[in-house]
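Okay, so chain A shows up in both of these, paired with chain B first and chain C after.
Presenting the complex of A and B:
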């Protein structure tokens, strides 16, 4: 029994899903395409962004969309030193929970910044729109510090 | 909101899993032989030990290493099969086609491969088939060195005998 050479091969498994958005997320993405950000009003009057279909407390169907600002405040963040292939940016960036003006719940997105030290809790940020919007979360390319 | 036809109803959400697959020692030995156009099973080095293909390195029945290599025939018997009617995205093969569990002569376990040059409706359990190989220049470390299996003119193997034939084949 002789030992053969080590055999090694790259292999990619792809699940090429197309997903239905449903009416609420569909509305959110449609608004993104038109360079607007909307949330939805919950039963306790909180504005939730991105909008959710059902109330987190009462489970009632929600339908009152509210436009929120494209600026907001960093609630918390994590600095990514070495972006991976699937990440939205190919240079170091921050994942951040951003509470947009007019929203009561923070939304996760990426923040472009020159260095980790520039990103702070409470810092103001502004959405940077993609050159071409298609109705996807990446229509907001990133947020930048104001 | 803008015009009705611009409303987003679906998104593309593909997931790609990228692996670097390293064959272990036993599969590497199997694949090295396969590159030479040989189907080899492996078994424990004991008389009458079951022969596995493709070998994984240990005997599932006892956990002992499958140290012995056994060259198998490229003739096989249909153990089960499926006629595939639904196209698979990214697959060049057009349906309907047949995917079968085949047991090579000399092996005691089946492997999955394609069947062709056959009448799909006449394919049946116990049917005798043989490998149709690609040209030797195209052989690689891959089971698709065999393009597919085609029926051969030998009598059917009764169900209780499938998976128990010697490498010398079916006496019928």
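Presenting the complex of A and C:
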């Protein structure tokens, strides 16, 4: 028996949004444009990267920015064997939690590596900047193994 | 028997078109900090946070409550999100109050917000659907035919809506937090403003605002220790009905009538116009004032517009039942917060803390919100005296 024809219609729903990033995330993004990475000092002296607006323990406003290094180490990672269109790289790469030098918590970014075996907890990485920086997280194109 | 609860702190932001200087977190934070200051309390004094906003699609931040815990001092505490479309600010306050009335928490912070400058509220309210013509209607387009039907049924003069638009903007000019500041507005100016959704003119419509409103609600023992007068919650009710069903009366929705009957019964009110001193009612399009005057029982069906035209709802004209002395939704509309602003402004009135838009000697006030296709209702009655 043949399948009945199913009624269908192409349908796309989309909206445009604007973001006001505020004084803390806004500063982080502006510093990226200048090829610098900043975190913020929390009440217990930990340096949090990317910076957060309010202290996770006391809820007080945070304002003490701290520049951290472009290099750091991999805390944990996931290897992407078959990148899809939405991924930042078209060759196999790693998503990684990277603790930058001078930071106390890791941030997520992508790591370029020739093979899965090269990526390890504790491996040293360094930021690779985009040719043109515009104040987006993608100003750091990726991290590469040192 | 529920325990008593009262508003002990109120905080708002200045309503405006764009708050580009703050993130969404910074905006809600500002209202919450203002409420804590008003109550002379700190983050540690709060047991839980109850937050509300309109659909996530507005700003495109899915489940924003999760990212707002830091900003609201809620790490390690319960964070609860409420969502009932435009009435959400009201229902959020009621959910917060019920957590105190039940004895679950002693003192809660409740916050509602909208950052319309980051959002796409117009189209998020008017999604295209497959196999249908896209009306591009928005909220005004949805309510316009309902308003026209009210005009037909009531035979009201054509300028009732114009009068409400002027009255609420003159009220708003007395409230420094109000978004629109139009102290010189005239009937002629409103009448000549362009027809946005026939029969709703541009100046008969609410603005699009950024803003947040917060309240602290405490149990009886803590409310009695509060440094400023508490606003005692004398009744609270919510009702819902589907957007569309055969026989639904969209001009005078059953859910609104039932909700009003419930909240007035709890507060021991039989004649709201006579017994209440002031009402803050959700009027985003001017004609909703006469419509809700009837729906809430302040006037017989078909006669709400007479109160408006007689100046009964005007603070400036010395009316006996001022509606929206703060300027109402017609003067400020951060959608998700608008209902809570009505509830908070009712509380400010009975605390005697409403500044230049204070109704002299107000002891009993109604806060009202509606949402969706006028299908979600939330209301509370607050008083200066304990029930």
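We take it that the second predicted complex is superposed on the first by the 133 of 146 C-alpha atoms of A that agree within 3 Å, B and C clash if a C-alpha of one lies under 4 Å from a C-alpha of the other, contacts with A are read in each partner's own complex, and residues count from 1 in each chain.
One rule holds for everything that comes next: a residue touches a chain if its C-beta (ideal position, glycine included) is under 8 Å from a C-beta of that chain, and two chains touch if they have at least 3 such contacts.
Only a predicted model underlies this, so the values are computations on that prediction, with no experimental measurement involved.
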item	value
Partner chain in contact with A:5 - chain B first, chain C second, else both or neither	first
First, second, both or neither for A:121, with chain B first and chain C second	neither
Partner chain in contact with A:30 - chain B first, chain C second, else both or neither	first
First, second, both or neither for A:136, with chain B first and chain C second	first
Touching partner for A:16 - first (chain B), second (chain C), both, neither	both
Interface residues of chain A shared between complexes with chain B and chain C	7, 9, 11, 13, 15-21
Contacting residues of chain B [partner chain A, same complex]	1-2, 6-23, 25, 27-29, 31-32, 67-69, 89-90, 141
Chain B partner contacts - residues on chain A that touch it in the complex	1, 3-21, 26-27, 29-31, 33-34, 135-136
Residues of chain A touching chain C in the complex	7, 9, 11, 13, 15-25, 52-59, 61
Parts of chain C lying in touch with chain A, wherever the complex brings them together	18-26, 29, 43, 57, 59-60, 70-75, 115, 117-120, 123-124, 127-131
